[in-house]
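Paired with chain B in one complex and with chain C in the other, chain A is shared by the two complexes that follow.
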Partner chain A sequence: MRLVSRKKLAKYAAEQILAGNDAVLEEIAGLLIYEKHEREVDLLVRDIEAELAERGEIVASVESARALDDSTRRKIEQFLASAASDKNSKPKVSLRESIDPTLIGGFKLQTPTATLDATVSKKLNDLRAKKI
Partner chain B sequence: MEKILTQFANSGASEKAGLFDSLGIDWALLAFQTVAFLILLFVLRKFVYPPMMEMLVKREKDLKAADAAAKSAKENADKAEEMTAEIMRKARAQASDIVASAREEATEVVEEAAKKATAKSEALIKEAHNTIAQEIENAKKDLHNSTLELVAEATGKVLGEKIDAKKDTKLISEALEEAE
Partner chain C sequence: MSKIDVTELAKSLREKIAQLEATEGLEDAGVVIRVGDGVAWVHGLSSAGYSEVLEIETDGDTVEAFALNLMEDEIGAVILGGEDKVKAGASVRRKGSVLDVPVGEELLGRVVDPLGRPLDDGPAIKTKKRGLIERPAIGVMGRKSVHEPLMTGIMSIDAMFPIGRGQRELIIGDRQTGKTAIAIDTMINQARQKTGVVNVYVAIGQKLSKIARLVDRLKEEGVMDQTIIVATSPSDAASLLYLAPYAGTAMGEYFRDNGGHALMIYDDLTKHAVAYRQMSLLLRRPPGREAYPGDVFYLHSRLLERSAKLSDELGAGSLTALPIIETQAGDISAYIPTNVISITDGQIFLETDLFYQGIRPAISAGLSVSRVGGAAQTKAVKSVGGNLKLGLSQFRELASFAQFGSDLDDATKAQIDRGQRLTELLKQPQYQPMSVWEQFVSIHAVTGGMFDDVPVSKIKDAQSALLTYLWKNSKDAMRELNKGDKPSDEQLKLIDEATKEIAKGFEE
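For the complex of A and B:
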């Protein structure tokens, strides 16, 4: 049984990261190992990103078949910023890019709370899913 | 003959005694023959006629009995023939009934068998139609799925070769515009 819930841990980590204390990530990693909850690392990262997003720091994963050029990258950041912005503040967007040639074309955008799959492979899979 | 007539004409009524002589009759011989005849008659009546009559009577009785037996046999034969005819008539009637009944039963059996065969064949045809329809439907599905798979695969290959960085950028821009 863990001493601190994952939600609280994510909230703490997000606050520390925004405060510039990047060492908190090593502490959390040590805690997960100590509590033998290594398998929860992905969930915890997602929770931390969600907490950061609530605080105006959006971390999104972008998968594409080819490397993004600067113009495309800016469009994606603007898209994310406009989607998450409110009247008082403008969020800061960070992209975690990865290349997967099997996507063929387009891109797949994942935030802690939403996913936008606009890849050609997704469309082809949708077509395959129409099998009777 | 002429001599006899001549002698008869020449003789008179007075000559009666000579008449028998003229006729050649010998009284002694005639008497003797008469006695012999009577004796013969007596012997015949005494010794020959009774057994002969008895034999004839017996013969007659036998003949009557045989006739009666023949009549009886004929009557029996006639009765037997009538009985045989009656039995044959009844047997023919019964056989005719049996044959008619057998024909009727055979007709019913044939009709029943025909009905069953018809029903079975109709069921088989219906089942075959259903099977064919199901197979056609399955074939359509398989064709549809195979077509989809081929189209998806071919499209993926073609697009993989055709999409360059510029087109990819355009795709991403269009997707972003569509999402906004």
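For the complex of A and C:
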């Protein structure tokens, strides 16, 4: 049985992480084991990242066919900062980078709640599905 | 496929490049966490709206679904076909719109699925307009009371339970009692009488062989040109069966809203409720009576409320509905039948016993009713319909006495004889709808007592002889009568004389 919804749990975890309370991860791990919801770790992490993003701590992953150069990286960070929901404070952006040659070209950007697929492979798929 | 303009090749190619290079920016995205039985559970997309279309990415393609359960942690979305391609972990995007279908005259004569994709061999359907599948019903001020007849061509219905344009009249009965036959005859009659009413036949989970036979028949009768068929088979996903009547209604509403008249046939809403029950149970909504979800009444009420007669300001168009419900062993007090009976403006109840006695259409005169059609009945048929109803109800009351034999007074015997003749007269073969004058003349002959000496077994022959005679000798008068006005004394005299003349030839 679920004692608290995943969303509420993520909210609590984000607040505690930003407050510097390291023990929160242990608490959550204990709760997940108690509730037998260990399989939901990835979903919970996405929810926590979404809550963190709302509070100005954006974690995004970038997949690209080749390694990103500094200027592209900087542009992506600026783009994510400008797209943040809270316009008043300057958000902190961190990128998780990975390389996938099957994307052919371009990059795929994923934040906890949104995605931007600017890869050549996606465009080819769209063409195949006659979307363009 | 569109033809490429060779003179504009460079321009077209540049446009394509520009389209390919355009990136839309950040889009809301979610992920499929589990999938099965036509339902995908999606994590993320917290901003998705109810009934919004979602696009699930599959290998090199996308599959559409629509969001029906919006919960705090996840969304339950019903997949619109192709669920085998959807995998857990697939990314999901919002389409930013609710479901819509192509609408317009281009659909006439076509067989389509609930998303407006062609199922016949015809070309791709390109319409100028699209209509929302879910749309609120027209308000009070946009309506007008039902006053124009929608002739079914079936004598017992037009005379006793008349249907008006904008009415919702339920056809209810057990399996194999002729429910669809009534609907088809009504469609055929719209073409024969050139009423201009567009037919939209929605097949919900019907066997494809049955739909194919129906299409052939409609083509044969020349009705297909003014008909749209929205077809779903039992092998389609429950989501498509659920959408079919709403999609068909959107197509019918186009004609209603443009000052035209359309007739909706939902064949049948029992299967629709069953498909919705399946979806609801898979979405883990709590089951209620007969395991149907709590909103199964709303499911049908919001659908049938869209049938209406519009006010003059809105173009005076109409959408008439003939929903069909299949009962089990004649039980009209089951959950779905009572719901739909209470929503509609009357019902035509078909009885198995009557069907097997050879009384076809097997309409039960006692349990059938039309609550608003009286105001819309043609004056000619109305003038004889009262006597018909009275004669039949007296017959029903007295029929049980008839079994006891000879101790009946002459008046009772006469009423029983009249009832038997009326019952015989109301038998009508399939695919032979009757026009107004044919109905008037036939009923008048029996209720007026002119066929009292014709043996019951010869009533149909006498009727057919009378109709042939009148059409041959007094075509203009019959055409005049067909306009629906109450017959003049002259017309009555002409008909009475002909009837008596014909009756003589059949007396024993």
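Observations on the model:
Criterion: the second predicted complex is superposed on the first by the 123 of 132 C-alpha atoms of A that agree within 3 Å, B and C clash if a C-alpha of one lies under 4 Å from a C-alpha of the other, contacts with A are read in each partner's own complex, and residues count from 1 in each chain.
By definition in this document, contacts are C-beta pairs under 8 Å (C-beta built on N, C-alpha and C of every residue); 3 or more make two chains touch, one makes a residue touch a chain.
Fair warning: this is a prediction, and the values are worked out from it, not measured in the lab.
Of the two partner chains, chain C is the only one touched by A:Arg46; chain B is not. Applying the stated contact rule after C-alpha superposition, one finds that A:Arg128 touches each of chain B and chain C.
Of the two partner chains placed by superposition, only chain B is touched by A:Thr72; chain C is not. In the overlay built on the shared chain, the residue A:Lys7 is in contact with chain C alone; chain B does not reach it.
In the superposed pair of complexes, A:Ala114 makes contact with chain C only, with no contact to chain B. Once the two complexes are overlaid on the shared chain, A:Ser64 sits against chain B while remaining clear of chain C. With both structures placed on the common chain, the touch criterion links A:Gly105 to chain B but leaves chain C unconnected. In the superposition on chain A, chain A positions 116, 118, 125, 127-128, 132 are in contact with chain B in one complex as well as with chain C in the other. The touching residues of chain A, counted against chain B in their complex, run 64-66, 68-69, 71-72, 75-76, 79, 82, 101, 104-107, 116, 118, 120-121, 124-125, 127-128, 130-132.
Of all residues in chain C, only 16, 19-20, 23-29, 31, 33, 43-44, 46, 60-62, 72-73, 91, 93 touch chain A in the complex they form. Contacts from chain B toward chain A in the complex involve residues 141, 144-145, 148-149, 151-152, 155-156, 159-160, 163, 165, 167-169, 171-173, 175-176, 178-180. For chain A in complex with chain C, the touching residues are 5-7, 43, 46-47, 50, 83, 109-116, 118, 123, 125, 127-129, 132.
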